[in-house]
Amino acid sequence: MKPLTGGNMRFGYYPGCSQISSAKEYDLSLKKVIGNLGVSLDELDDWSCCGATSGHVTNHKLANGLAMRNIMLADHQGLDNIVAPCAACYNRLILSQYETFNHPEIKSEIEELLSTKFEKDIGIFNVLELFMKIGLGKIVENRKRELSNLNVACYYGCLLVRPADITKFDDAEEPTSMERIVEATGAKTVDWNHKVECCGAAHSIARRDIVVDLSKKIIDDAIAHGANVMVVACPMCHTNLDMRQRTMKKVYPGHKEFPVLYLTELVGLSLGMNEKELGIDLHYIDFKYDDNIIKNTVA
Amino acid sequence: MDELRNYARELLEKEEVAAVIGYQQVTEKRTKPIVITDPAETSRLVFNEYCLNNLAVYLTKARIRSLMRTKDKTMKLAIVAKPCDVHSIVALIQENQIHRNDVHIISFNCHGVVKDFGCDFNGDNLAAKCIKCETHKPLYFDKIFGEEKQTPKAGDASLEKINELEKLNSKERFEFFKSEFDKCIKCYACRAVCPLCYCQRCITDKAIPRWIESSSHQRGNFSWNIVRAFHLSGRCTGCGECDRACPMDIPLSLINRRMAMEVKDLFSFVSGRSLETPTLVGNFDKKDSDEIFM
Amino acid sequence: MKIGVFICHCGENISRTVDCPRVAHFAEGLPGVEYSIDYKYMCSDPGQKLIKDAIREHKLDAIVVGSCSPNMHERTFRNAAVSAGINPFLVEIANLREHCSWVHDDVEAATEKAIELVRMAIEKVKRDKPLTKIRVPVTKRVLVIGGGIAGIQAALDIANAGYEVVLVEREPSIGGHMSQLSETFPTLDCSQCILTPRMVEVYQHPKIKLLTYSEVVKVEGFIGNFKATIKKKARHINEDLCSGCGLCITKCPTKKKSYNSFEENLAFRPAVYVPFPQAVPNIPVIDETVCMYYKNGKCGMCVKVCDRGAIDFEQKDTMLVADIGAIIVATGYKLYNIEKATPESKYKGYGEYGYGKYRDVIDGLQFERIASASGPTAGEIKRPSDGKEPKKIVFIQCVGSRDPSKGISYCSKICCMYTAKQAMLYKHKVHDGEAYVFYMDIRAGGKMYDEFVRRAIEEDHVKYIRGRVSKIHEENGKYIVKGEDTIAGMPVEIDADMVVLATAMIPQDNAPKLAQTIGIPYDKHGFYNEAHPKLRPVESTTAGVFLAGACQSPKDIPESVAMASATASKAIILFASDTLEREPVVAKVNEDLCAGCFYCKKVCPFGAIEVRDIKDVNGIIYKEVAYINQGVCQGCGTCTATCLSKSIELAGFNNEEIFAEIAAL
Amino acid sequence: MSLCYQCGKCSAGCPIRFYMDIAPNKVVRLIQLGLYDEALKSSTPWLCAGCLTCSARCPNNFDLAKFMDAVREIALEKGVEVKEKDILSFHEAFLDQIKMHGRSYEVGLVAEYKMKTLNLLQDVDSAPGMFFKGKLGIMPHNIEDKKSVRDIFKKTSKK
Amino acid sequence: MSKQKWEPKIVAFVCNWCTYAGADLAGTSRLKYPANTKIIRVMCSGGIDPVFILKAFERGADGVLVSGCHPNDCHYNAGNFHARRRWDLFHKLLDFVGIEKDRLQFSWISASEGKKFADVITKVTKDIIALGPFKTYQDMNAEFTTVFPEFAEAGNKEIAYEEEMTNG
């Protein structure tokens, strides 16, 4: 991965399909927050879907082709790095690029498929890395609110930190980078067990039963360890953990609603933005920061 | 200039050094080396853009070394050295050819020298080593003179040549070097002028067994030049004297420079820059690249 | 020069693919060859006689034997040559079997190659010089590094044979890991009960000089003539005055500042301490890092209570130098620390098992302390977190071992056994408890070993589940262990009260550093390399340095003890003679030509090269040259290749000889 | 594949293990033994969510997740009857959307998926909410250079 | 060689302790490899001078292999580490002056790697056959050269001199 040089903070941006539909609040809050911190994102022109899980589970070559098309675009458009906020996109892009550059036969196969030559290794960053590159000091400096009454369970999900030898940014079993970002906002973090457990996102539609079970376990563990909100960095996880709570309530009658925020939204809150600006009102489970204060103080 | 002369005279008068190795003016645009033991002679010392020679080579010469030994003690040698020549002295110190305490380095803030005697000093006539030079102030010295001045800008022709050669295929490169080495007449001027070729008996003079064919045919020339370059790999400080000395104009420093680039690339090492850094030859790092080994 | 060439058929081994008569015939025609013959078995008595007779009859000066590898019969043929009056170093072997007949099928190609190999050997032998073996004296004293069971055993054996021993131990007491164990498999006898008498014997033995709290910092020299520098760390207690009453320990006010490493951090210890009650020597150590005196110059309680005046805050580290003839390395092992991976650590951590995060997830040595009658819980099985008795306990084997993804590919060998033992001890102490063991394979090779594991299963009803555990997490004070029973093909989840991880054995942290100090090679893990995996298992490749115990690879107690006794006998064999004979393959400098750059000195792996001053008539140094100590030089020749002016030659492999071989290609 | 020494750590950590008919390590075992048919018709590869937990924790550096990808690919090529039809339908529907538009189009995806599975009533509960909140676009997001994406599909197609 | 077909001539400089023993193991295991390579044994890979390689090329070798103990496994502890640096530089130098990289190859082969020895020899032989005869080097003009210039008769006096010097 290439280190960034100089003070000019510009990043390429690969939104991914969710970002323009079911996770538009993630996109919205990301752009708002990053802009507020003085960093700009150049969206990749004419990007296409990375193929997601469906790609690599059925056709390896297709999956690499779809992902590498975007890497190719980044190269052609002169970008040194791209930010992929969706953990699945991030994982696909970084894995495909790794495979391409480390296996000459795959490289020639993909080069033939896309009729191009890959020479430049594009830096692919997730949102956690983006915040780290910007510097946590920046968040602290621009903080307008102390979110000190939030006890946050940081949920990484499966694809963000794996495989650790390729993503190379945090420990695969006990990652801590999201905690450091959350702590920069003034919120507290809780130590819990299911940080890197899978929520089953790939089967969100086809096997909802599995997804509901897995997500329920994750939320319960967070609550058991004293969290009052969960933070995620992946639209897939969010869909499962937020929207699926509707089904969860039917399957598990005792289930209590539990707010799930995007990391960018939490940072946005600390920078003084309101729920509407950040798109938090688009969530299935309502979350109002001020209500949270009242709830906490009353309780 | 007077400062230099006075200083040198004092050194000799106070018997702090046995001799001063320096430059004297021959014509307006030409200097030559001089070894001074008589304080009166220090008035001949000069320092300017025409001081081309790397005087470090004299530090290991037996006749000059004999000046250091008196009946009852060892005395120092003073040397007038450009910052780049100091690199050679550092390498010599590291290779135990002279102790740091036995050499008194008089150096200058340097802004480059001409490529050959008789040229005017400007960007077009700048010596090749000065173009890429990063040491305008000496890294080690006992006395320093002169003010810092700008070095004229100039294109790096030798780097271009290296890049050009890199692009050729093996066969073409081989032909290039074969034809260059073919010119060699085995006069060994390159060896005589190199400060790091201080061996008492050069490998090429070893007769039984004969390490390098002594005839100056293609094959003998090829071996000699490869062995010369290899023996200097990781040691050459890039003074470029071999180039200047070669009567047949073989671009000897081209290989030296290419190897220096490799050395920097592979081992992050540059010869003659620090007395503390272990030498490249004679040391190893367990993390050295294993790439070429099956 | 008259050369004889002898081509061996090796029965049919060579002659099947090499036309031996043709090779012999060809050699006959080469310049310098006086006599050439082929024979069915050159190494047999008649074969050797053939060589001897030919040497005498034809007045040969040198011989070439085309036969098997020099590693097989070089010595045989050299001896034959010597008995016929030829210097043994004027014998060259052309390897026609291992390097030719056995590896090629085509008779024509193999014969051609054989001819060339013989020709190369002839050219080399022409330039060989007669050499004589070098004799060096032997210092009859052994340095034993490490005072665990292996070091103790080796020291006692050597001392009982009547030779002096210097035993160096890094910790304040000898005893090693064995002193930490509760009971030992497969007999379940108390570890300390069998060990402590040995420790005391070492302490009282007149031939053993015991240096505890000391480290070897430098080793120079060579077999028979080592010189070791040992740093004796400051104890801050005068050993001669201390009576071991322990009053300073009981009165020390700094009780809970540092973890007790002997108790595997399950308890605290005062700033002045002995590692454990049976420590040898029974002399405390003051821990400078926590002692209040070193913090703010106050306290001094120990000084007040010590009526012998043994406390010495000003004591400094001291250096001792000893002449040594042989070295026994017995530095043992440590357990792989399975916490999170750090950028510096060579191995990856086991974040998924939560070691370091959950207090009741412990490693094998911690369990030993918990189960030990002298341990922090006085032998009662209690959880470190809340002191409750665990009713359900899970043991996990192969944590780190056989796990290339974490950096350890080998089997640690003892974990199957000690896990069975620990599960058994648990069941003996907690009768209503349940014990589970997750394993991959049970490796219980050894006398009564497999029976022991079966006993755990059959009599003590320990439940063995075949499969690795993927994750441990905590839920309401229980530890959820997620595994798979691969035999039943079923997922398993156990809500345990305590988890014991049988973590891998790895070399001590400073194993590579010590190896570099002594000059012995080690493998990628840091275990020391033996000279030959089968035939020289207790010798290192450096002559005079022997290896005992787990520093060479994971071992249990009986193996370590056996190995220790083997090294002792190696040392004693060495001392049986007053001088040593060495191969004369050593390097020599031509001082007139040496330019004194000392690159040779830098590259010499043995420090055999010294600076020699050459002075003029007035006694003023005019030149420094390299000088090679023939006794230290091991003959690798790295200096010869490094020397730019070719002023060094390696006897037996000099450049002229090698050039001759190249020229004969 | 010979890297797998059947320790079962993959199965132990698999979040979806409880829903699978045979353990993931057994799928590897069957293939090690040459019992391809048994392995290919299992539901396990299809239920695998590709979360990489197994690959991350495998002690012997065997990339089981990638292996599962390959098993599925082979199963599709061989035309083995897929146990988890819904999951396959979802993947196909998803890829069809990309093929058509270059990006995923959720309304189209769900519509196609429902056509394929005849599972018409699922998710009707969440869809209106999503529409309401403006999350589901009425129109698909088409990219400009749809041809290039279609080419990728065409060139890598196994049929 | 009397054969019609060109057969490459390859020299392997190997250390006594690891690679030579590995080659022995290849023999005792009866592994097969091409017969073109002749082994020259030295004590340690650290003791191989780069000039040996030039000499081998001068004497008609088409390829050279240098092989020693694996790092950290050297019988002499560090000889191979020094060798590694030396060969890395020399290889780069030869590459720059136009000698194909595969003409000179390197490997670490331990005493237990008989199979690797056979594989490496097979690979090197294949590579050298692919490169063809080393004509570029062999065709270099070398007039006045006697058959064994290293040991010219005229040097006899020098032998005596050198011996005197070396033996003090």
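Read from first to last, the chains carry the letters A, B, C, D and E; within each, the first residue is number 1.
Here is the rule we use: a residue touches a chain if its C-beta (ideal position, glycine included) is under 8 Å from a C-beta of that chain, and two chains touch if they have at least 3 such contacts.
Remember, it's a predicted structure, so these values are computed and weren't measured experimentally.
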Length of the shortest touching-chain route, chain D through to chain E: 2
Least hop count linking chain A to chain E through chains in contact: 2
Contacts common to chain A and chain D (chain labels): C
Label of the chain whose CA centroid is most distant from the centroid of chain B: D
Chain pair with the higher count of C-beta pairs in contact (B-C, C-E): C-E
Innermost chain, taking as reference the mean of every protein Cα atom displayed: C
Centroid spacing, where centroids are CA-atom means, of chain A and chain B in whole angstrom: 58
Separation of chain B from chain D, taking each centre as the mean of its C-alpha atoms, in whole Å: 67
Mean-CA-position distance for chain D and chain C (Å): 51
Geometric centre distance via CA averages, chain C-chain A, whole Å: 49
For chain B, residues contacting two or more additional chains: 203, 208-209, 211, 281-282
Residues of chain D touching at least two other chains: 53
Multi-chain contact sites of chain A, meaning residues that touch two or more partners: 172-173
Chain pairs that touch, as defined at the top of this document: A-C, A-D, B-C, B-E, C-D, C-E
For the chain C and chain B complex, residues of the former touching the latter: 592-599, 601-603, 616, 618, 620-622, 624, 642, 644-647, 655-656, 659-660
Complex contacts: residues of chain D adjacent to chain A: 15-16, 19, 47-53, 55-56, 63, 68-70, 72-73, 76, 84, 86-92, 94-95, 98, 102-106, 110, 113, 117, 122-123, 125-126, 129-130, 133-137, 141, 143-145, 148-149, 152-153, 155-156, 158
Chain C residues touching chain D - in the complex, by the definition given at the top: 352, 398, 402-406, 440, 466-471, 482-486, 489-492
List of chain C residues in touch with chain E within their complex: 69-71, 95, 97-100, 102-106, 108-110, 112-113, 116-117, 120, 516, 519-524, 529, 533, 541-542, 585, 588, 590-593, 603, 605-606, 634-638, 640-642, 649-650, 653, 655-656, 658-663, 665
Contacting residues of chain D [partner chain C, same complex]: 5-14, 17-18, 22-23, 25-26, 53, 57-61
